[in-house]
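Please find the structures below.
In the two complexes that follow, subunit A is the common piece, with subunit B as its partner first and subunit C second.
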Partner chain A sequence: MYSLIPHIVNGLTLGLLFALIALGFTLIVGVMEVINLAHGAFFALGAYFALATIGGSWFAGTEFGIWWSSLSPGARYASGLIFGPLCAAGAGMILELCLRPTYGKAPLYGLLLTFGAALVIEELIRLVWGTGEQSLSVPQAINGAFLMGGLIFSKYKFYAAAFSILAIFLVWLFLEKTPYGAIIKAGSHDSEMVRALGFDLGKLRLAVFAFGAALAGLAGVIMAPIWGLRPHIGIDVVIPAFLIIVVGGVGSFWGAVAAAMLVGLAVGITGAYAAAWSMLSMYILLILVVGFRARGLFGRKSALEN
Partner chain B sequence: MISLSDIPARGGSPFTPPMFVFLLALATAPFWLEAVGLYSYLGIEITIWILYAMGFNLLFGYAGLHSFGHGAYLGVGAYAFGLFQNHVGVSLWGGLLAAVLAATIAGAAVALFVAHRRGIYFALLTIAFGQVFWFCAIKLRWLTGGEDGLLGIPRPDLVIGPLRVSLQENTSLHWFSAAILGLAMLGLWRLVNAPFGRVLQAIRQNEMRARFAGYDVWRIKWLVFTLSASVAGLAGGLFAMAQESAYPDVMSLHQSGLIVMMILVGGGLVSFWGPVLGVLVYFIARDIIGGITETWLLWFGLMFVVMVMVRPEGAAGLAHVVRARFARAPVKTPVSAPAERSA
Partner chain C sequence: MSNKKFSRRSLLTGATAAVGGVAAFAGPWKHNRAYAQASDKPIRIGITSDASGQYANSGASDRRGMLMAIDEANAKGGVLGRKIEFQHLDTETTAATGSRVAERLITREECGFLVGAVSSGVANAISQVAQRYGVIYLNTNSSSPTESGQNCHRVKFVWDGNGTNFAKAAVKNSIDAYGKKWMLLTNDYGWGHDTAAATKKLLDQYGGEVVEEILVPQGTRDFSAALLKIQQANPDVVAAAVGGDDQVAMRQQVAQLGMGSKPAWINNQQDWPDVYGLPVDNLFGVFGTTWYYGLDLPGVKEFVERYQAAYPDTAMRVPGNVFYNGYMATRELLAAIERADSTNNIAVIKQLEGHKMSAESRMQHHDAWIDPDTHQVQQTVYLATANTEMGDNKDDMFKVLTQSAPEEVRDEGAAAACKLESYDETPSFDA
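For the complex of A and B:
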């Protein structure tokens, strides 16, 4: 039982990161009623742009590049942490503009368009950063391992978990305690009424898409040092994300967080007994949950069921 | 927007002019493929994918059940064919039968779980099941050979009574696959114009109304999913023969998404012939754009995105609109709002 603790810690960390990805996903699903299959691509874009920022290879040789490489790794990492998600948000806004013709049609078209977009972004990543696996370096302070109770833990995983908790808390605060959050929540409840009250639905959708994509990008920057970076990481990530949304129930904030923890734990604990099969456990979890509760753990009725 | 039911089907006719053109093109392909700068293997590949796409469109276009994990059944068929050759005996009919049976069983089992779902939940569940099959194909190393897959699958001779034909040559395999595709096409055409096909469309347009009309919707959805998986299995068996191997890549979400893209591009939502057009566009794009640039998927993806934005009915829908213009008849504007919601 004692030896299981690192696996549980791993699982919880994974779950928190999954929650971060899934929150952006559920926001977009809630407000736009679009299953955004390109969400994983935003995750990848965030991570790759952070990689470019931290490495600074794009402006190597210029004066700015020399000044940039003289900065401390910590400062460069921090700017990557900001710039990566911002770029993902930009890509998200472009995608939202492309999605406009599909509003009011069957949800299938949004799904298909974002699938195509995911393919395009993945190919663009291949074009710009190459097909090989890359790694994102982190500052010394959060690198390495430490001992606790006779067990070795990676420092970075604790940092990632703490960062995710903070981010989830901030998102919750934003949604619950600010007027902007109120509009977003109202938009996911009844977008027609929001428009009738005089809010610009177009801007709201653009903002929500940017926000959701930024969350995915942020998760990408945090996750990249653990998982490594490859062009098809988007597909690897988008599946757990919407699996979590379905298990948690579409449009439910705490449903997504709870399901993400559940999925993380399932993957972590299966990893202890049968490492090769760990990723399969989440599909089985999905089939079990949805087999018995059609709308997931905390789901409400959604237009997407039609 | 137009949908399948807005295009008048020539109901009772079991054989139509487009079928003749299609079968003629298919049968003569080995003679002109190389003359137009392509290669004979492409003919086999396109034939097999058309078979797969047509079976898939029964589910996707006609019944409006948007499966995103259909590559699994193609893969199951391919593996079953290979395993039969390796462990039971080298036999064409036996292998194909095994492929169809395995895919049917897999499809029927999955359909038990997904048949009472609709819309996005259906799509998500099919993705999950598709991933389970894909994952198993990679991890059950002792059975499937892991990531490499089954290699060296033979192409058994075609035996009909006293007749024995070798399928080692690409041309002979092409004609064999084309014959199977022709039969399958006739069967599918018959099926979609039969009352069964009408009920499928009724389910797509309004499931609840179909249920109120007295149809056992659950059973029909189960049946169409299983049937579509069987056709995919048959295509998988042929695919294993064509490739002389079976590997997990065809079961990935990526590949399952590509077949959906093909159907959409071709216009499977509005026409029986949509899947054919879609598969042709995909493979021609792959070989022509792929010959110019390695990033052909980027351009195909962009084309797809633009198409979903401006003309989601695909090539067949476009052809329909163009034909309507030429006939100087106003393009029929749909009055069926429910069809649009779920089409």
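For the complex of A and C:
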């Protein structure tokens, strides 16, 4: 019998990575009530822009390119970590502008539009970066492995998990402790009331979509060195992200985090003891949670439903 | 104005007669289909390759190989004086889509031949439809032993080496070199299971031991649980039958942990598109392939140049095994039509069965032939590893270690399991 503890540790780190993936998705669903099927495409876009930034491929051969390649890998990686999500945010803003005619109509319109956008972005990635596998390099300090309890663990994965904790904390801080966060939360609860109080709902939606897309892009930059990078990588993201927000309760920040941890543990532990069930385990978890509590773990009945 | 009314019975009778009449001419199930008799009509090939899903990247490479063969044939004036046309539909690395695509290409696009596959599940689905219509189908790149074994068909020809061929080339030598305690890491679908079964059988035969098999679902992106388990079990060798994007993710994660050299890794087959462009430390272990662009054989250099001229913009600067199989399969199909002097499917099948191909024409070390009992191409199998001394040529990623003659690695199990349909059971038509 294998020791369970390393697999629990592994499941928890995996859960933190899932939480990072789901954060932007839950934010957009919560405020906009749009199931953003382009979330995975923003994830991929963030990673690809980071790749271009870190590698400096776009300005190779120029004086700036020579200066850029002389920078330390750490500095270029940090730039990619900023620039990748920023570009994803820009793409998110464009998509939000396209989405505007669908507001107030049946949810299917938004769903179809974001699905179409995902296909377009994926194809653009193919055209710009090619169809092949890409490798996003990381600084030596967070690369490689370390020994713990006689077993080898990946340094990068623990770095990614720690980064996820930081990102979750900062997003929580933003939502809970700033006036902007208060407006976003109010918008997710009752957007019409927010408009009635004089806030520009259009700007709010644009900002939330940009923020959600940036978080997706950030997750892409962090996950690419683990999952690899290819144009259709976004498909790997949308389903777990959607599942996590349903398990956690749509619109609930801590619900998404808790659900991601549960999904990570389920996948990690079944991966050790019944590996063939590891992918299926998250769906079984979904059935169990939704079967007992249709609103998900932390989902609450809206005040408007009373 | 007539007072005559249509009764339900007369309407049904009329409709049945009309459908029957159309079917008599256009129905692909009918023997000797008539629509393609005109000699100036193009020969239409349906390309059934993945453009999305786990094998999207390999599917693109496979497709480029087919298209280069078609372009070369058209540049020489076509086949039997007829132009070759193609229609590609995405099989999405999904068996159900494969069936649907095959049905559409045959019945609506009027394709007389189907070419392409990377996933064995998709290839099996396509071949069932193709057999029903008698349409020749070339499985270019899927490697499950069942494709030329229990799932063989009279219309299907398998061009890649299979899991057993590669296992035969690798298992005995690896037991001697690394040890008897093996762990299997298996993609949880047809090709993975069949390849693992072939490896287990050979381990039994040569005195190896399977300590555990880890089944990895398709679409797995995180291998950390499996890799922890491998560390806990501490085997001498891990035999991985993991393909496509799953394999890329696995390679990156094994390399991150520095586990590439201990335990020893045997990858049943390594498709070129899955590793092209990856850092060389991701290319650990020993793996099988049927062709490599760096083979020092006549014709290889010119083949690479033709590829580069045909695809100057592709990110993959040199062709790999998947492209090679797509090209060779299509080229041999067109050559078989020429030899048959007909597009009649049965005549072309007979030209392909038992056909011998010289080592020179295939740019391999040994002559190859199409096994008439299984319809699998019996060919040279190479074992390779990462080329850590590649120097400035970043494309020179493989170092070929050994080459096995086709008869040394023949899959007898497939030959015993394969029961081809008779010619009479196979619908006949002129494409």
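By our rule, the second predicted complex is superposed on the first by the 294 of 306 C-alpha atoms of A that agree within 3 Å, B and C clash if a C-alpha of one lies under 4 Å from a C-alpha of the other, contacts with A are read in each partner's own complex, and residues count from 1 in each chain.
Following the convention adopted for this analysis, contacts are C-beta pairs under 8 Å (C-beta built on N, C-alpha and C of every residue); 3 or more make two chains touch, one makes a residue touch a chain.
Nothing here was measured: the structure is a model prediction, and the numbers come from that model.
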item	value
Fit or clash between subunit C and subunit B when superposed on subunit A	clash
Which of subunit B and subunit C A:Ala276 touches, first, second, both or neither	both
Subunit B versus subunit C as contact partner of A:Leu45, first or second or both or neither	neither
Contacts of A:Ala145 with subunit B and subunit C, given as first, second, both or neither	second
Touched partner set for A:Ile287, first subunit B, second subunit C, both or neither	first
Partner chain(s) touched by A:Pro107 [first = subunit B, second = subunit C, both, neither]	first
Subunit B versus subunit C as contact partner of A:Ala213, first or second or both or neither	neither
Subunit B clash site on subunit C (candidates 38-46, 56-64, 74-82 or 128-136)	128-136
Common interface positions of subunit A, toward subunit B and toward subunit C	232, 276-277, 279-280
Residue numbers on subunit A that touch subunit B, as the complex places them	35, 98, 101-102, 105-109, 111-113, 115-117, 119-120, 123-124, 126-127, 232, 235, 239, 242-243, 246, 250, 276-277, 279-280, 283-284, 286-287, 290-291, 294, 302, 304-306
Contact set on subunit B toward subunit A in their complex	1, 66, 113, 117-121, 123-125, 127-129, 131-132, 135-136, 139, 253-254, 257, 260-261, 264, 295, 297-298, 300-302, 304-305, 308-310, 312, 340-343
Of subunit A, residues touching subunit C in the complex	2-3, 6-7, 10-11, 13-14, 130-135, 137, 143-145, 151-157, 225-228, 230-232, 236, 267-272, 275-280
Of subunit C, residues touching subunit A in the complex	52-53, 56-57, 60, 188, 214-217, 219-222, 224-226, 228-229, 231-233, 245, 248-249, 252-253, 256-259, 273-279, 282, 314-316
